[in-house]
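The structures considered in this document are given below.
Look at the two complexes coming up: chain A is in both, with chain B in one and chain C in the other.
Take a look at the complex of A and B:
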């Protein structure tokens, strides 16, 4: 202030400082929301905050965490993947059909095939220049149709439970293995994004695709990779669902699409791309699951649960969206 | 003096037809596809080419057409609307509880329908307000409103299904005029209304302009926000009417009345040429898209394809339609989200 010559840094400082306070708060918002939600549920029903119900909650959350984690990378690239739930349902059907032939290899095969299907969507998106919304919307219908046809529109029981038994185990007696696997997926993908250039590429594509392209980032490759990861995660989530339900069904995961998108957004990942992380989606998925599991427990009728759910999604986006990056909100 | 003037007039004359020709060529795609698909099915299946089946196709298209008209206005702005299932569910239950039914003593008739449509318009307005005031992208705002609508519907449903006993509303689905159900005439009326709004009202014109270039519109002094809210409100009203129509078809109010209509309507609109980028297409385009989707659904069943494939075929078509629409601008259009 005493040196008017340095007008630039002086004017810069407040501009940078003000958002960081707000951003610090908003960046912890998913965790704050999680803690507040847990506290509120415990106050209303002290019986909720017990080891067994928390274990049950994270066990329910595992497939949602995996689905949301995969789709988060696509959202970070500025796209959207609407096909995850349908692909996951299709993968449960594949799992039930292939298990008798492939045995222990089924899990790997499912993840690989789901990843390949995701890659196919990515290639269509990149090569044909179709918006990801349309590609994955089409994919959603196509996967549902295939699942209905090959399963004859009914659930297929899985009699051999040995293959998925490991997912139903508990680490140290309390932590469900499925949730540990979900944590590992989030951790590995986050590490890869942080330690390799891929993370900066993804962020650059999300903030400004044309700038990333001009800067020489392998935009198309990264996008295909994001869709591949999203598909593979849908496959892994399918294995988790089968391990819990002992069957494959063409509509098993269909009602997970909107919760998965909600988990990403509630976590604070900008739906416009660039800003966000997988850890946020993990917190978001836990918030969404707690809402779904917790509200009926404390006696909120399901109708109000829906209304609350809708309001929370909108409020979460309103709080977390970084508007300085988006001039026109469509 | 004379030669530059001549050159000027020549330039003006030469310029004008060019964009028109381009537009007409691009716009001709979906109608041509409709005629071709219709011809193929008519040649393949004797059951398809009967008059009664054509009536069936038109009757089956009615609800989807009304939803698609609503969503077309939103898509023209370049926004997206996923609130149809929630809003339709809320209006379906509301109308079922307000006309003569087995749950209460209400017998409001036409007023009940109007209230349901108004409620739906209010929910649509909510999406618009969230978009404009809270700056929440329409994708999430409408997703939230859809959940709110479903919640409202579940609240009103209260565990007992309201079956309607109103003769007028029940008659809409059954009684026929000139071979078509009353619902189909209502849908046709909506198409006409939507087209008039799009073509001749400021709201429709601005919706188009917002999709084409919102910044330019805002810079030329137009207050964009009220029009955005109005477009979402209008779309909500159309979903509400569609919910009433579903109630008439089922003779009962169901929470799931609008299930799947959000993505079907987007598919129909996009297939017809109302692209998600905004500023393209329109009501008539979307109507052609609705007919195309319905003819395909009906034709595939008539030819003997398993109904399970229907969704898959729709998915393929929407991807193919967009891919074909984008080909002319492939080089130019480097950014695809």
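Take a look at the complex of A and C:
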């Protein structure tokens, strides 16, 4: 019979919990999905895996990557920006209208104005204490309406193609300039998040805003900054769209909202905030783009596209939420 | 049949195997060893008391015994037979059942339904409730414990004590599954009962002993000694000893629970500042008013710990938050070291050298999934940066220094803070204000809430050291004893006003009663 007497003090060597195989797998999910998709499309259509079609795919993806990248920072802060597509459309109209007067400065002006509009939404969200979902839903409607009014509800052709010509060039002959710009945006924002305190602030706000505030983090400033960046990215995406379509139109980017949100959640960024990265959204945007170009290849009419986006958003959130339950809720 | 004489305690030598035996049970959680080799023996028809501080491993052990937690190592033997428990049903099949601390009855069902829920047996025929059989089954169970509760009463219409009887009746259903006497675990059964009800419960426990073994867990040591035959003590996930209940004193058990090294100076009074001349006034609050407090005057000197006590609704929490800029003020002025303080936001407060430890550690004090290092440097970002850039090496050196200085137990500085134990989490939260060395005033809102006695003691020691270095502290204590033990001066708040001030120097402490008189 064991009658323990006073035992030795417990040694204080806590156990290090390593991520399980499942957790490791989910964190590589977007990349795995990307590879699987590429392989599947190649099997169905062996002609798909060629330099020219891949180049075309990433060129198409560029505006989506930029839109998703900006909105990712808002999502990391625990909010959402539903106005990006409408703001982007509005910016294409602005571009077409302002180009004759501003010339070479138009691109900068568009990015700055779109950023300012994003900042305005951020200020409304922070100062009036309105959920970002509502602020940007309102913004979406307002921007769409303004775009329709000032464009007379139709496309405005852009005659001077010189201003945006640089975006249609290729780096080293294969990489579309627009995609390179998108990569630079992702890289620069990621570096800022990684190398400066902003990254800690964004994560802290996303995980627990009250804890971040009580730790003295500049919560309001960071959130307004996130919306500013999201707006500016919408402006940059608008310039990319104009460079491809040679016109501005009040509905040009409207069908990019769902793909952008899908890109973020497919990338594995938690819709509840805190967890995720812009690189994930880049991978997510490529997955979404491949699905989009892949549908016709496997014989699905593109009318089904929106069904697909809706389904993958729900599925991806279900997956990422499950994951956050494991990691965040004890 | 409810008794089984053949397996009762054998007089003289114990030849029958124990009803339940635990050998070397180990359970790790990330960062914590909840069980670190627990041994336990429960004899037949015995009431065994289980005592231990918060975090000693009691609840993990109990969960392991009913199949809710799977141990990493160690063995569980039931009547001389090794068992592996994978679920509550598994445990029930071996005659192990638990009455849960947070009651597990469905409130909108009748007592009878609750008793047979999950093991309806003949109470359900062809998928349909057979109400008469159900009532009979339930009545049988209630009869076993001699209860007169109406089986058709809705559970939420019953008193707490009656509900507990229903729980016991329900758990005794495991007798249907085994041929031998069951082991019934009662987890903190008295915590919601009044003293008269407790007597009834004890009668019940003694009655249970006639045909079962009982493991009785309570934090009230006098109760444990009253109702149990033997008491086993856990500390830090280990069995540290056991005593026969007869003749044992609560103080003796308590010493075993907290470890033999004395808690004579629990509040580290010896470290308190003894300087003859008091420090200069550091925090001066004049006529501060807000949503829940009015016209508060307060003064805290450098190196002084001032406790604010008050009942719920006294406004002390909001006052504390207002001083940190996290709660709006409507009038009044606050000065820190003679300079007017900007109360517009938390950032200004942080920049002025004010630190705040919120009461809700898990939701407000820390960012759970973020690392220990990032949590520690969340406020004083400049402490880990050169210019605008974070310097990982600078951060690592700084954080490791503080992990060592405060003996924070963490596998690594990169470990998510939510994996640490409560006491270590709180030390990280406190360290947040110390890393840059410029904190002048600490506002501590229940800094020891949810911590066990050892962790509390470490937080007290840290508070003393900080006070010794000249930091002014405002303490909203977890208990009056804590307020008295830690404070140099105590301010009583009532209805949003600071009504009284009581000196509490070391050696001249007021009693809790002195404070209560002023609080109401």
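Here is the rule we go by: the second predicted complex is superposed on the first by the 289 of 330 C-alpha atoms of A that agree within 3 Å, B and C clash if a C-alpha of one lies under 4 Å from a C-alpha of the other, contacts with A are read in each partner's own complex, and residues count from 1 in each chain.
What we mean here is this: contacts are C-beta pairs under 8 Å (C-beta built on N, C-alpha and C of every residue); 3 or more make two chains touch, one makes a residue touch a chain.
Since we're looking at a predicted model, the values are computed, not measured.
Trainee: Does chain B (first) or chain C (second) touch A:92, or do both, or does neither?
Mentor: In the superposition, A:92 touches no partner, neither chain B nor chain C.
Trainee: Report the partner of chain A that touches more of its residues: chain B or chain C.
Mentor: After superposing on chain A, more of chain A is contacted by B.
Trainee: Determine, under the contact definition given at the top, whether A:132 touches first (chain B), second (chain C), both, or neither.
Mentor: It touches chain B, and chain C stays clear.
Trainee: For A:289 in the superposed arrangement: first (chain B), second (chain C), both or neither?
Mentor: neither
Trainee: Give one of first, second, both or neither to describe whether A:106 is in contact with chain B, with chain C, with both, or with none.
Mentor: neither
Trainee: Check the residue A:213 against both partner chains and state whether it touches chain B (first), chain C (second), both, or neither.
Mentor: A:213 contacts both chain B and chain C.
Trainee: I'd like to know which partner A:265 touches here: chain B for first, chain C for second, both or neither.
Mentor: A:265 sits against chain B, while chain C stays out of touch.
Trainee: Determine, under the contact definition given at the top, whether A:249 touches first (chain B), second (chain C), both, or neither.
Mentor: After superposing on A, A:249 lies clear of both chain B and chain C.
Trainee: Per the definitions at the top, what is the overlap between the chain A residues touching chain B and those touching chain C?
Mentor: Chain A residues touching both partners: 210, 213, 327-328, 330.
Trainee: List the residues on chain A that touch chain B in their complex, please.
Mentor: 78-80, 124-126, 128-135, 137-142, 144-146, 148-149, 153, 209-210, 213, 258, 261-262, 265, 271-273, 301-311, 313-314, 317-318, 321, 323, 327-330
Trainee: Spell out the part of chain C that touches chain A in their complex, as residue ranges.
Mentor: Touching chain A: residues 14, 23, 28-33, 36-37, 39, 41, 236-242, 256, 260, 324, 326, 346-347, 349-351, 356, 358, 363-370, 374, 377-379, 381, 385, 388-390, 409-412, 415, 418-419, 432 of chain C.
Trainee: Spell out the residues on chain B that touch chain A in their complex, using ranges where they run on.
Mentor: 77-80, 86, 130-131, 134-141, 143-152, 154-155, 157, 214-215, 263, 266-267, 270, 276-278, 306, 308-316, 318-319, 322-323, 326, 330, 333-337
Trainee: Name, in rising order, each residue of chain A that touches chain C in their complex.
Mentor: Going through chain A, the ones touching chain C are 1-7, 9-10, 12, 14-17, 195-197, 199-200, 203-204, 207-208, 210-218, 274-275, 327-328, 330.
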